[in-house]
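Okay, so chain A shows up in both of these, paired with chain B first and chain C after.
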Partner chain A sequence: MTLLHEPDLGTPAVKSDIEVELVIDGMPTRVPAGTSVMRAAALLGTAVPKLCATDSLEAFGSCRLCLVEIDGKKGTPASCTTPCEPGMVVHTQTPKLEKMRRGVMELYISDHPLDCLTCPANGDCELQDMAGVVGLRDVRYGLEGANHLDAPTDDSNPYFSFDESKCIACSRCVRACDEVQGTFALTIEGRGFDSKISPGGTDFMSSDCVSCGACVQACPTSTLQEKTVIQIGIPTRTVETTCAYCGVGCSFKAELKGNELVRMVPLKSGGANEGHSCVKGRFAWGYASHPDRQLEPMVRESITDPWRKVSWNEAITYAATRLKDVQAKYGQQSIGGISSSRCTNEEVFVVQKMVRAAFGNNNIDTCARVCHSPTGYGLKQTFGTSAGTQNFASVAKADVILLIGANPTDAHPVFASRMKRRLRQGAKLIVVDPRRIDLVRTAHIKAEHHLQLLPGTNVAIVNALAHVAATEGLLDEEFIQTRTEEKAFRDWFEFIKKPENSPESVEAISGVPASELRAAARLFATANNSAIYYGLGVTEHSQGSTMVMGMANLAMATGNIGREGVGVNPLRGQNNVQGACDMGSFPHEFSGYRHVSDDTVRHQFEELWGTALQAEPGLRIPNMLDSAIDGEFKGIFIHGEDIAQSDPNTKHVKAALGAMECVIVQDLFLNETAAFAHVFFPGTSFLEKDGTFTNAERRINRVRPIQPPKTGKHEWEIVAELSQALGYPMQYGSSAEIMDEIATSTPTFAGVSFAHLDKVGSVQWPCNEENPVGTPTMHVDGFVRGLGQFMVTPYVATEEKSNRKFPLLLTTGRILSQYNVGAQTRRTENVNWYPEDLLEMHESDAELRGIVDGSFATLSSRVGETVMKVTITDRVPPGVVYSTFHYPTSGANVVTTDYSDWATNCPEYKVTAVELRPSIKPPQEIGMAAADLGLELVNE
Partner chain B sequence: MKYLTWTDEAALEVVREHAEKPGPMLLTLQALQERFGYVETSLLPSIAKELNVSRAEVHGVLTYYSDFRTTPPASRQIHLCVAEACQALGVRDVVKELAAAGYEVGERSKDGATDVVGVYCLGNCALGPAALVDGNLCGRVSAKSLVAQVTS
Partner chain C sequence: MSSSSDSLVRMINQIAANSMGAHDPVAAVVKHLHSFWTPKMCSDLKSSNLTSELNAVAAQALAAL
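Moving on, here comes the complex of A and B:
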């Protein structure tokens, strides 16, 4: 399509049951009470001239351009700050107003460079537009007087430029940073004529700015401008698509000039993000055209051979032959596949279909194994469906937010902005985290309670919270009686009342003071709407699944399920981790979470796919790896995942990969895992994909290509061709046809099609005949499983314990500017914010070991050791250290162990007993060396 | 005027004294200036943290009010009213004479001992030209009387 200009109605929508009637420029209209005159006029199609107003921000009334006349009112009020009143008669265009607006415009232009023809915003500038609208013909004041034309430009941010000389001081950027992003990084410095925008008296890069781009989007001039627009020019067409980073799933406008991507701008009508973005989605897309990206298929006989670039045909035939050879030699069960949460639903669906139908076994697993598999298990047991219960907008109705093991300002920034807005409105926050995350205390946000627990004691904490509710009469009896299974509740009630679950007992285990626990529990249990949000700090534990059920218990016991503002909400890590799970990526489940042993379901797929399917669940990732080391599992198709860097106990993973006879890797880059591959299929970036992603709120969003695959083939085409070559016919004309097959075979997706999504924008599953536009809130009148099921959740300490040799507990996490193993973000300018992994350590622990801030230290655990740079901080308590895992050189997963969740094998990344000692050598380059080696061989 | 020498620790203590009061930002900055004569900008991030606001917000308030200083003051201070009423009573001449004596308004005196600041109305119009000398209000001032006061 041509460039999409989303309408700007000037001020935000107002919700009200009362409507007021008024007349604007002779036209009668009705709007909700509280709506501004400007918005009411815009809804009628009358654009009142404006500069400081935009509908993502509260009205400000500073530019004096939107003045109107109202019968019976004195003067010329600003239409943005004047609410509509019943019977008002408004005039937006009169000779008097025109003269005033021209006069105001003259003042603006008298201090603005007259370089429109060479300005990067030429053609996309509201100041320019308004000069035209008000009919500016002359600037009587000239440009000779005092002005800001020589003001310097701040180019410190790698993605956008701040050219102060063009600033009209409308404050839109300041307000966007405050109201939308919630960082408060900008201000107006000085006063009067000297007023200017400042990121706090420093440059943008050294300021609190998180580079979310909200200010750039809000700027009506070229003052804050994307550098790509300066370099390339104004885009000419838009493709609406979905970000491929985290599980928030922001909708974006990819704006192109010809076929060149100029910028990504968040879509205001996007259900997940409503016009907001973060530094990754907005700016960090350059990896898609990074020179490291592989565009041609490659094969090699042995992993010590150099890569050989071959045709697609040869690569696919070679891969199929090798896989068949392995199966001939070691049996049908000796191969398997791993699907990717970074890929589309359609790509994931065909990968699992290939494994089940073409490989002829159920050895399919997905990277969700290592993140949110306990969510799937725990919520299915208790509520009946493996997904979060709310939409993101629900947080705006929460009164108390219990945030457990999640760090949204870094990992889910756009959702964090929503949450922060609600907290600034007065909602109370309880943070459960061993580390002092930003939300514990940041500008205008202060958590009521920070339960700083010892890593691995989540279940004890959630039981203690429920214990207080149960023993202090704070349960929601009515909800429990009508909505949950009686016997299960009684069993749970008897269990939870036990003294071992009391805050006083739990204090000894978790280190959290009992009084703090009691206060937090009372706050949660007595609020109107209490919502639980959580992340991998819940799931990546040996009791990950228990904890998910513990939270579900707490929500049911306090009646916080089935309406807006409440719920149990997993913050999903990857763009399509929900979708990958929905699509049947687990060894025991077909799409829609239906067990492979269910004859009805299996027969349905056998009929649809025309082949016999196995009724026994296949191997999970860790089983595949163990089995490879045992010599039984010999071939694997790894789709868009770097298990040699992301999975725990790197040494073990690499040994397993090295023991296989056919490793096929499909990825954008020659990643760490590719060092062990015999076949490399180049993948497509999200900018080339045509399909759907499903975000953390079950929202199915369209991903649309801005260009054909750079590799010559869509990933689903490659999988289909590999299936064919293996002897199982698989043919699709387009990815839309794959979605049609998903809809046919999966009840929760029954109403989904590309055509429907293109029409309505996005839907939250279940989307079927009953809910044609999807289901924002689940379990409203009843649980998916009928009655909710309380589960008894005893706390069991992890086997991974600190001792004299390994006295510290390591927990891991990620940072705003980098994403997971960094394959993408490390190949963008985001490295400017975080050029290397850091290990956070408390001063007292560091001093004891003679480790100084900024020095290297050897990090060792029972399974391995690595070297990392240490930063000393009071974010972590004594006894706990924390590291990120974005760089292969730091090898954080060299030290993580094989312990995992009892129910789902989700690795226990969040607890590793470690020791640190000073090191003089910088991080060893194990991982990087492997990848570099691969590259060199290609270049030969 | 006697000011304490700025140390971050002492300054943070002042900040903490005010942090829990309602609308603490102006109170805090004023208290710092009263105590130390100025606000050291390197402490802005810490002040922001104590007040639970952003560094930019503190910077905005600090730069908005012209009375706030971000560099150490001279040992003596003249705040001379140069607003309309005092102009009517001859402050323009006072300004000229002061400059001739090495006390340019808006600058530090040539001997480095006095800051001379032009301000707009001290509410002492009946006794103009008015000035504050080290915070003490004086009426009917002349260049001579001002110089005498700050050199005594």
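Moving on, here comes the complex of A and C:
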């Protein structure tokens, strides 16, 4: 497609049941009451000249260009700030307005460089456009007067430039930072002629700016400009696609010149992000063309041999032969596969199909095992389906937000902006987190309650919240009676009333004052709409599944399910965690969460795939690893995952990988896991993929390629060819055909096809005959399972306990600029914000150990030790330390243990007993990263 | 003691400890094992010499398989 220009109607849409009639330039029209004259005119096709207005921001009325005349009204009001009134007669173009606008433009241009031909925004500049629209022919004031033409350029941000000389002080950037992003990093400094945009009196890089790009997008000139546009020029074509970072799944316009990506611009019509972005999706895509990227398949006999680059044919034949040899020697169950949440639904579907049909077993698992598998389990038990209940937009109707174990401003920043907007409007926030995340206190937001619990005590907390609701008469009796199973509720009610669940009892376990718990519970239970949002701080615990069920209990007990503004909402870590789970990546279920022992479903797949399938569950990742160490599991296909870095107890993972006879890794880079591989299949980046991702709100979005695969093959093609080489024919002409097969076999996807998505943009499953455009809110009239099921959720303390030897509790998380194990973001300019992993520690704990801010410390647990740089902070309470895990050199998972969720084996990353002591060695000197070792071998 | 057996003991004990709120904890553990464990995991645990390390509910569930 040519370059997509999304229409800008000047001011945001207004929702109103009342319509007003008016006449604009002789044309009658009807708009919702409250709509601006500018927007009404734009809807009629009349673009009133404007500079400070854009429809992603509230009207500001400063540029004086959008003036109109209205019969019976004095003066020339700004059309952006003037609401339509019944019977209004508006004139947008008169000799008087023409003259005034030209005069305004003269003033702007008298203080603007006249370098249009060499300006990076030439052809994409609203000031230039408006000069043309108003017919500017000369500037009577000349350019010799007082001006800002020598103002300096701030190039400190790696992705965009701030050329102050081109600024027209329209405030769009300031307002975008405030209204859209919610960071309030920019301001207007000075008054009158001295007014200038400032990132808080410093440069952009040193400021509070989070580099989301909203200001760049809002800027009508070249003042804030992407550096890639400055280097390459204005793009000429657009491909609409979906971000490959977090589970928000933002829609983007990939803007290109030929096949060269110039910039990624968030799509205004994107259902998940509605025109907003974060530093990762907007700017951190350079990894796709990073020199570390591997583009050719490679094989080697032993993991101590150098890699040998081979043809695709040889690599696939070699991989198939090794897998078949392993199965011949050790049995059908001796191999398996891991699918990836970073790959498309279509790629995931064929991987699990290959395992079930070609490997002949159910040993398929996915990286959701280590993040949101408890979400799947807990919500299936209580509601009947393994997914969040709302769309992201729902948060705009929440009155109370209960945020548990999630840090959206870092991990899900675009959703965080929606949440912050609602909080600024007055919604109340309850944060449950051992660490003081930004949302506890940030610009114009202060959490009503921060329940700063001890790591590992989530279930006790949620039970205490429900106890207060149950014992203080705050339950929604009608909802409980009509929407939930009576006996299950009675069992739960008897359980939750017990004194052991009271805030007073839980205070001793969690460290959270009972009075604070009671107040938070009352706030949640008495609001009109209370919504629960949660992250890995819920799931990555030994009681992750219990906690998910506990939250579902709380939501049902207070009637907060089945409408906008409420619900139980997992914030998924990776772009396609939801999709990977939907596609049948778990060893016990087919796509659509149907158990392999269900004869009807299994026979359906047997008929569709033309082969017998096993009726027993297969091995989960930790079971595969244990079995490998025991010498029984010998071969694995790892699709786009780096388990040697991301999974807990690195020593154990590496021992298991080292014990296997055939490890196949498919990835963009020679990651840590590839050091143990015998076959390496180069993968495709999201810019080359053709398929779909499903985000945390069940939204199925198209991923469209901007260029052919750099490796020569789509990943689904490689899987199909491997399957064929193993003896099971798998043939597709395109990824669209795979989606057709998914739709045929998976009831919740029955109405999905590429053609349908291209037509409607995106859909939230279930998408079927009943709901052809999807289902934004689930469980509206009834739960998927019929009646909701309360579950008794006793608190069981984790076995991982602190003691004299390991007196501190380590919890982990990620930071805004980096993503998971950093394979992508470490290969971008994002390293400027976070060049190494840091371990946060309270001053009192540091002093006790002689550890100073910025020094290195040895971090040891019961399973291993590593060295990390320490930062002293009061974000964490005494007794708790926190680290990120983005860099292989720091090896945060060297210390995390094998403890896991009782129901799903999701690792307990969030609770590890540790000790710290000063170290003089930085982590780089402890050992070379395996990936570096792999690269050396290639180069030999 | 194999890596798997050791893990299996820990897993089933943990499943049992977290199923105590169920109406019939033993039945809940059995259902869980049928749903999520491979037959070999169950038989490996049964034939291991670690069954003495199981808590009461876990032991009853394993016996009921």
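FYI, the second predicted complex is superposed on the first by the 934 of 940 C-alpha atoms of A that agree within 3 Å, B and C clash if a C-alpha of one lies under 4 Å from a C-alpha of the other, contacts with A are read in each partner's own complex, and residues count from 1 in each chain.
As a convention for this text, contacts are C-beta pairs under 8 Å (C-beta built on N, C-alpha and C of every residue); 3 or more make two chains touch, one makes a residue touch a chain.
Remember, it's a predicted structure, so these values are computed and weren't measured experimentally.
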Contacts of A:P199 with chain B and chain C, given as first, second, both or neither: first
First, second, both or neither for A:A903, with chain B first and chain C second: second
Contacts of A:I629 with chain B and chain C, given as first, second, both or neither: second
Which of chain B and chain C A:G190 touches, first, second, both or neither: first
Touching partner for A:D491 - first (chain B), second (chain C), both, neither: second
First (chain B), second (chain C), both or neither touched by A:K805: neither
Partner chain(s) touched by A:V796 [first = chain B, second = chain C, both, neither]: second
Comparing the two partners chain B and chain C, which touches a greater set of residues in chain A: C
Residues on chain A lying within both footprints (that of chain B and that of chain C): none
List of chain B residues in touch with chain A within their complex: 41, 44, 48-49, 52-60, 63-66
Touching residues on chain C, where the partner in the complex is chain A: 2-4, 7, 10-11, 14-15, 17-18, 20-23, 32, 34-41
Touch list for chain A against partner chain C, complex: 333, 491, 495, 542-543, 546, 587-588, 595, 597, 616-620, 622-623, 626-627, 629-630, 632, 791-794, 796, 799, 898, 902-905
Touch list for chain A against partner chain B, complex: 183-191, 198-201, 207-208, 441-446
